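Each structure below is given as structure tokens.
Look at the two complexes coming up: chain A is in both, with chain B in one and chain C in the other.
And now, the complex of A and B:
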């Protein structure tokens, strides 16, 4: 297991190095740079004519004149050695300060969504497979297709409406107004949890629908295996039998797609966040692109991909733990 | 120790109700081996699954089916009446009746060690701690001829060879100490030399542990080596039964005769093998009259395809279901 973990860790580091190069290239691709944008912002409407030399001076000031390769190593070196993600030009402060809390909030939404997805879909999928062909099973299938067919933002609006109507709470955003800028406390945490469930439900909805079907299908296959009959023939009690033998193998495709789920949540998050008025990374990323604020955009891209790569690493370890045959093949 | 009377099993399917096993009766005596022989689809496997109530959800037993088992403590258990999720059924499975299967790889779960699965079975049926269960498991692995069992016990099934897995499988089924072992084609997936070793092993174990056995196979050659009594099944009914020696020396039913002719032998090396012609019909298209008449070389037109032959008894448990052997004057037939 140790060897397997080390191998996967090395793989993760290599992937992150490649990703960082790609992220940097993506940051460079949009035409123009922040120097142009800064000159435009500062002098537009003032009647001052800006020459190419002025822009060049700004560029040198911001350190954007150096060759790309050099800037890449400066950038990645600072991140790795000092945890410094560079300047957020548009905010005139460091990227770390701009992103700060938003990273944790995004992570909070992500983990809540994942937990909710698996906590519902795995047991329900098992149940549907065991009760295959019953009316409950068909009911769940209908729900699944509804879940897949319903667009996220619509669901967000509907839930927002009913949550407001029934709970009377100001459910938009992640905090109640009194906690918005307050320092972290137990009260603030509880307030966060009260607000977190809504985006988590919206984001988990389609994944739950999809994963129930996955779990049901693989569990149905596993239930027919001889090893399950053999265990039953040894007198293993049914409940223990289901969890120990078929379920452990049936959960495999769900665990192996954790990375995909994370990816999907990140792509759906900005729209849901816009509807629910959340402040998270996606919104900031969009703004950073519009401002050509490349280090902010780079930091966000890097963090998001790091989370995905890390979750893939977690899923690899879980898979190896679930099925010892995997370690041998590695 | 086990008697089965009028065992009928039907399945509710999309094409309607099918009954692949009809009115099968047999019994097993303590310490003896009953061989069940027949082609694929003859109902031998599901008949034994019924003994442990392992049939799928859409299956049901006939109304006049009676399965009686005398447990190790002398108690009489009416298996056909046991409730599906009861404690009694869990105790019966594994603890009283053990089962081994054709595919040793598929009958172990690949994600647990051999020891984990053995110790689970042991602790389900014997009151003992983890350490004691492990000792029993190691001893059992040793008994089935696995070398260095103390290390092997922590291996996964995929780390063993085919023959070794089959031995481990037997050890697993026997670890909970059943009085009756059902072996469902345990040697079919093995090559011939290992097959002989496993048969030897099973015979030795049976003698040492005083177990009874039901041995399912399609191979009369294997039956000759291991069974005391044999019952030949065709399309869900027993067509011939008797002491193994009797049946093999003097087969009465044309189907048994066909099966024996189909065994390759060194004496008939230059001749072509003579298979039983045709295929076993599907249970949905069960022929009228004698179920075998569609493939029978001695088919009597107007009799065999109209009336089902009764069971004609002989000495010492010998009987056959065939119109060729019906003695009209005796009237001893028991349908």
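And now, the complex of A and C:
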């Protein structure tokens, strides 16, 4: 187990190193560099005249005149050694300050969504497999198709509309106005929990649709096994039997795709966040892209990918623990 | 047993034998088609997609007006449903009520009010705006329009600039579907090259390529697309943006297909016929293209069809948040940019009609993909 964990850790570091190169390239693609855009913003915002010498000074100050390879090592070195992700335009502070506690909000949304996804898709998938061919099963299949076809921003708008209509209250965002800038307290946490369900439902929607199908398919295969027939012949009660043999095995594909689900959730996050007005990393990422605030964008992309890679690692460990057959092959 | 029954029996047998012969002598693609035809939902989805593609291809002919033509008489107007009856009796030809401009009694703004006394008839193949169908056939004939050339028919209403939603949706259908097609083709070529090299060479090359594939797979795809799209210079023309978008979508769509090609190639790399081709001196490109790929072409087609919805949804999502195609280009995502708030659902819900197209197109591609997957291996036992 230790060897397996170490191997996965090394793989994780290599992947993250390669990802950081790719993220850096994306940060470099937009025309001009940080100094140019900084000068332009300063100029267009206030009318202060900025000379070429000023731009050059910023450039040298931040080490932007070095060759690209050196700049990459500066950037990644600062992140790894000092946790410094560079400069942000907004409020002219560091990226770390801009991101702040949004990482925790994003993780909160992610965990709520994942819990919701598995809490729905696992039991429903088992039920659909047991009642194969029933009208409920067909209904679920139709729902799955719809779940994959409905763009999530559209679903967000529809839910927002009905929430407004039925509850009257303003349901968007992550906090009520009075808590928006307040320091953390129990009241604020409770307010957050009351607001989390909407983004969680929207983000879980397509993952649920997909995982119900996975669960149903593997569960159907497992139900046909001789072990199930044998257990039934021994007189094991049906409910206990379902959980002990087929469900126990059918859960493996779900566990092995946790990283995949996290990836999908993060992929949808910026657009859902924009529609629902969530003040977390996805929304910040979208804003950063639109402003070409590339240090912020790069930092968020790196963080999101790191969470995905880490969840992949967790899912590998979980799977190895759940299914001892895997370890030998790894 | 009488002669007659024996005769009938042998006729029956003969018929069955003929059928079996037909089955055994049919080519793989004929068998796939037979199997696919049995999948009713996929056939229906195929027809729907076909109609959608035709609407897009002949958008200039189908749409009564151009995508940017404004009707200042009818701004934010509701859909006008052609009807056969009103309070003045019925007519055999469909008509709509004409619109006349009045002053709002409170704000004194000019508002358009339907005039129930005025009938304007809907006609087919009417003369209208001059356009070029397919970009080169000049015509002024449109599929449908109104008998009165001054009045305009807005089947699905108008937006806040008075542009016809129906016409814009037709043009958008062409853009969105074509972006999907080109994007899928680009990612197919990339997947073939990358998966082909990895699967054919194996060993160290394969390991390196697998690492890179893993990196592309692990980064969330829409934020990645957004990063590349954000880098497009603001001064680019709409055509440049269009091609850049297809390139971006295609550039990262390959990992799934590349994996499929790689694993299939790896599994048949040691087969006798591949070794024979190699010994005969065929070059790697020829061995892959001529000898190895044909054994799993049908699976590649399935994967291509399944990747369509992702392209369409990605394009829609990117354009929706303003990082993809830009007006005056019209695509489903660009049209939905106008429908970003709850207020729109309440006041001008017809702006969401393009979203129906997105949902239907994605559903159709998914269902066809399912049907093709069942049919892709026609030699497996029928379910």
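Brief remarks on what is shown
Assume the second predicted complex is superposed on the first by the 308 of 330 C-alpha atoms of A that agree within 3 Å, B and C clash if a C-alpha of one lies under 4 Å from a C-alpha of the other, contacts with A are read in each partner's own complex, and residues count from 1 in each chain.
The rule we apply is simple: contacts are C-beta pairs under 8 Å (C-beta built on N, C-alpha and C of every residue); 3 or more make two chains touch, one makes a residue touch a chain.
This structure is a prediction, so every number in the text was calculated from the model and none was measured.
Shared-chain residue A:151: touches chain C; no touch with chain B.
When the shared chain is aligned, chain C comes close enough to touch A:263, but chain B does not.
After overlaying the two complexes on the shared chain, residue contacts for A:322 are found with chain B alone; chain C is out of touch.
In the superposition on chain A, A:235 makes contact with chain B only, while chain C stays out of contact range. Touch counts on chain A: comparing chain C and chain B, the chain ahead is C.
Shared contact residues of chain A, touching chain B in one structure and chain C in the other, are absent. Those residues of chain A that touch chain B in the complex are listed here as 225-227, 229-238, 244-245, 248-249, 322-325, 328. Every residue of chain C that touches chain A in the complex is listed here, in rising order: 211-212, 214-224, 226-231, 233, 309, 313, 316-317, 320-323, 336, 339-342, 345-346, 352, 355, 358-359, 362-363, 366-367. Residues 52, 54, 85, 89-95, 98-99, 101, 103, 106-112, 117, 120-121, 124-125, 156, 158, 172-173, 176 of chain B are the ones touching chain A in the complex.
Within the complex, the chain A residues that touch chain C are 14-15, 18-19, 22-23, 26, 29-31, 145-146, 148-154, 157-158, 160-161, 164, 259, 263-264, 266-271, 274-275, 282, 285-286, 289-290, 292, 297, 300-301, 304-305, 308-309, 312.
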